[in-house]
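Both of the next two complexes hold chain A, though its partner changes from chain B to chain C.
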Partner chain A sequence: MTAAFSPSERLDRPAWIGRVWPWLFLGALLVFFEVWSRLRVDRSFLWNVYNVQAILLAASAPLLLAIGQTFVIIAAGIDLSVGFVMGLAAVTVAQVAVAGGEAAWVLPAAVVITLLVCLIPGWINGVLIARLGVPAFIGTLGMYGVARGAGFLAAGSGMTVSVPHEGLAWLGTGWTPIALTGALLAVMHLVLSTTRFGQYTYAIGGNLQSAVRAGIDVKRHLTAIYLVSAGFAGIGGILYAARYGAGAANAGEPLLLDSIAAVVIGGASLFGGTGTLIGTLIGALIISVIHFGLIFIDVDAFWQFIAVGVVIILSVLIDQYKERLGAGA
Partner chain B sequence: MNPSGSTDPILEVKSVSIRFGGVDALKDVSLALARGEVLGLVGDNGAGKSTLIKIISGVYRPHQGEVWFEARRLAPRDPQEVRAHGIETIYQDLALADNLDVGSNIFLGREPIVRRFGWPAIDRGRMRRVAREVLERIDIAIPERKLDRPVQMLSGGQRQAIAIGRAIYWNARLLIMDEPTAALGVPEQRKVMELIRSLKRAGVSIILISHNLHDIFAASDRIAVLRRGEKAGERRTAETDGEEIVHLMVGDEYKQRA
Partner chain C sequence: MSAFCRVLLLGALLLAPGAGPAAADADKPVIALLPGVVDPFYFTMRRGAEKAAKEEGVQLLFQIPKTWNTTEQVPILRAFVAKKPDVLLIAPVDKQQLIRPLKEAQGAGIKIITVDTFIDDGKYQDGKGPGDFPLSFVASDNTEGGRIAARALAKAIGGKGTVYCENNKPGISSTDQRVQGFLEEMKAHPDIKVLATQYNEDDANRAASNVSAVLARNPNLAGVFGVNTFSGMGAAEGVKRAGKTGKVKVVVFDAVPGIDKQIKSGLVDIAIAQKPADMGYWGVKYAVGAARGKKIPTERGTGFVVMDKSNIDRPDVRQYIYSN
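For the complex of A and B:
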């Protein structure tokens, strides 16, 4: 005899909308700019190494922050400090480069020291949120201010510190930062989708109490997630300093919201428990294509903000629609 | 059938007392449970049912008395240790991760790992296989395509079954179920009661807590009644009726009014 539970099976139809729509939207954007470009300037938009490189480069900076942010948001948190942690990192790189001049050790030293520096705010975020029970929004907002001040203090009198260094320049220009970001994304995608670390990230975001009862060391895991987030902010800062030959304390300021936007557009729920890094990649590309594409078709720059804002709102509306239909009573 | 006292008890609660801020939450409560026996635990709100199961499951430590399981004294540091001994508690909220699939829930916190090119990947194939096996073992049908969907897509009874299946898979010999049917519709309540009976046949001991005396009478071999932190009585289910149990639950107040 088999007990068949027949009644009250909930609808799972709308789930695919959330998964598919970022792809459709990215595709539609690319088609639109391609057609516009062919008609108006008789050139291809996409079949153009310069354009592709520019879009990918512009996507890589928010994407790096968004990689860590994806883990945080899936675990039902938020990390508002990533922008200024990135700035602190950029200044740290610049200071190491100033101290070391043109020596070859500057590159590895800058990377190691900067990542160590960034682990401090990440660790404090983790302790505040996981062990002391501070809401993620407040804890990381505090760290937003702390990292901001620390960044400006570390930069000394001026806002930026210049870095003339060959190795750093190699790291920050051309295809290097794009390839590096892609490689990191691939590794973290595997971590998120195939390992216990990833599985526990979803479990914590889905139901914290269940994760605790299942014996998962939730405090340790959450702390690790905020360390990962700060670490990627650090990598973002390193690439920024390498690319521009300067470190600015506010280097990452505009990227904070882009990083959250990329995660949300990519289909993660701000309620936690869902999201993928592939989605985040698509989200970052959508933002980058909007920015670059609107400049390309010569629309006033301020329209970019409006366009990205509208996309964010749409994403959240779709997310809520999913919640209501997919999981609602 | 495995009536009480015929074999060595699998669980013995010996004269357990616990106080919270000067109030006696439990006073000198003793219980015994045989292998494959279903004990109904009843009592009014605040009678101490939850406190008692939290002591057995290692959440609280009694101020006096001892808990013995499979002839070993339990003195756990945390609930994990009790689970490792084979006592699983299923609370009303089921402790499922609603956003994960059936297999992930069965293995939550204990995922099997395979090395793929040295990379420690979760063995999702095995988790899926086990999920199907476990559901077959407890006679629950869940459509194949739903095995890979988040368990929030499933009905209350199916989710209950997954929580039970998880406990059984990890070799629970004693299952403590807190109001397993409270959140379910009537047809699903019946399925869960069927499930309890088939677990019993498989030799699992069960402590069943329910406000629904009908469920208690339908599934239990014995009924223990708590009142204001003390054991008001214990009866073989076959030798008592609802009126006597209710009387034990509410005490003399009932008698005076009757």
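For the complex of A and C:
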């Protein structure tokens, strides 16, 4: 605000750390596991195709949910329904495949129908939150329950539905799910960082009143964001059915908290207005590397639960630290 | 500050408990055990496995999923594959969804033995089915266990009345077979009506709520069969909450810690204990045999112990209660 070397320049250093911390932490983790691996088992942790593929595969499922979640969180919302929308999608794609039979068009049709079905909970979330003023936490919590019930109902008494033929399996084999997730991430990153859609998302999350005064149709935009989130949950469900050959109504249940954790660890604030998809990617990778790495070094399962929790807390603390110093300057 | 935190975290991780794997010897096989979920049943299995591992002088790796869900078990499976164990002992959480991931593991050169649950049809190495490749299946004869439960419950309710099964979820080989055996045996009791099975997704609280709901609809409910650990716990709790201890007979599969008190107080009439320690023990024994190139049986049945008021105080029966 005034001359050179003002207080704001000294404050910039902590802000820089806040932006860079996810990368540093991921790097530190990888170095740690690599060193341990070479010293103790005389093998490389990272220079190993299988390990890299396993880590990326494990990260891809929560990452798909986290892509949608990033948009929602930047817009100062939250979407608790993504786990069960994913399950609903997995069941739907399987049921359509069962109903449609062996014809070649059945599987593409199943994918399209599933995505359309997922738009319904996304749209309802949008209406509840954007038009009826329901707080995002509560609205999506309600949809969590509805999607869950819908998923189980759609699955019938079995709770899972087998996909009767192998045609979908290619989507879930080898590097394909990883490549697909990466491609979607790249596209959405461009959307978020270069398009007006992305700009509006940040604006709404950063300062709702200013966004309204600037003429952004907030109601329509928020609805669109919840549709995006549900759409990605749908893609996640389709990939699950492709990978495991069956749609399970509870497929995404463990992934909800991981999707939020990935976004938060990546540097987004739960208050909205900040965050990037690259950050979310790093967050998802950190969680996946921790899970894989701790098993690799034979750490007891329960320490893993603690480790991810600790990382989330640290990320939030750093985020708070940034806020307190007014690092938005 | 964040640098300091990073150092702290790294330090904590470096000092973290956990024996590192010794470089795998050609002669010292590494066996990995991956059960279904956090459950005293599987911790008891682990102890049996560790006993055999010590006897054989092999290394045993162990990890446990926090919920009964494919999404949880498969990443752990892949991490285990990265460690290149010789044999993987696994309780697959779904008989169909785990076929592909296990086939991949086998493709990586790891021998597979399933414990407690199976994939596909459970008959391995007979040339039929996509899930034929595991070497052995070590578990209770769950169909027979279901029949035993049905007979016990029929006797407890005097041969007539309404009953139902409280179950985890469909698609799990072990619990599916118990219900199947139960229903088969109940056909021989024309005066007993079996209501629709209720599912609780391995959550004791849900099981208790289910019991309350079924009771509300069928006040004359005579008995409940809790098909696994958490179903049994929840069923007993649900009956207790409704104040119907003694009026609604409860037969549970799996002898959880505290089952002795429940039997003595009349909350649970009969507990059918499996022998998970035997499953773990024989799983490891077979694994070592397979790792050393020997031919192992494709199936091994471990037994049951039926616990009730008459025998629960005997030490040779009590030893089969599971513990953490």
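Keep this in mind: the second predicted complex is superposed on the first by the 309 of 329 C-alpha atoms of A that agree within 3 Å, B and C clash if a C-alpha of one lies under 4 Å from a C-alpha of the other, contacts with A are read in each partner's own complex, and residues count from 1 in each chain.
In the analysis below, a residue touches a chain if its C-beta (ideal position, glycine included) is under 8 Å from a C-beta of that chain, and two chains touch if they have at least 3 such contacts.
For clarity, every value in this text was computed on a predicted model and none was experimentally measured.
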Which superposed partner A:Gly205 touches (first chain B, second chain C, both, neither): first
Partner, of chain C and chain B, that touches more residues belonging to chain A: C
Chain B versus chain C as contact partner of A:Gly215, first or second or both or neither: first
First, second, both or neither for A:Ala246, with chain B first and chain C second: second
Touching partner for A:Pro254 - first (chain B), second (chain C), both, neither: second
Touched partner set for A:Gly273, first chain B, second chain C, both or neither: first
Partner chain in contact with A:Trp21 - chain B first, chain C second, else both or neither: second
First, second, both or neither for A:Gly309, with chain B first and chain C second: neither
Overlap of the chain B and chain C footprints on chain A, listed as residue numbers: none
Chain B-touching residues of chain A, taken from the complex the two chains share: 1-10, 12, 15, 190, 194-196, 199, 202-203, 205-207, 209-211, 213-216, 273-274, 326-327
Residues on chain B engaged by chain A in the complex (per definition of touch): 79-80, 83, 93-100, 104, 108-111, 113, 116, 119-122, 139-142, 146, 149-150, 152-158, 161, 185, 187-188, 191, 194-195
Chain C residues touching chain A - in the complex, by the definition given at the top: 1-2, 5-6, 9-10, 13-14, 16-21, 23, 61-67, 69-72, 74-76, 78-83, 94, 96-101, 108, 169-171, 199, 201
Complex interface listing, chain A residues touching chain C: 17, 21, 24-25, 28, 32, 36, 40-42, 48, 50-51, 54, 57-58, 61, 157-160, 162, 169, 240, 243-246, 248, 250-255, 288, 291-292, 294-301, 303, 305, 307, 310-311, 314, 317-318, 321
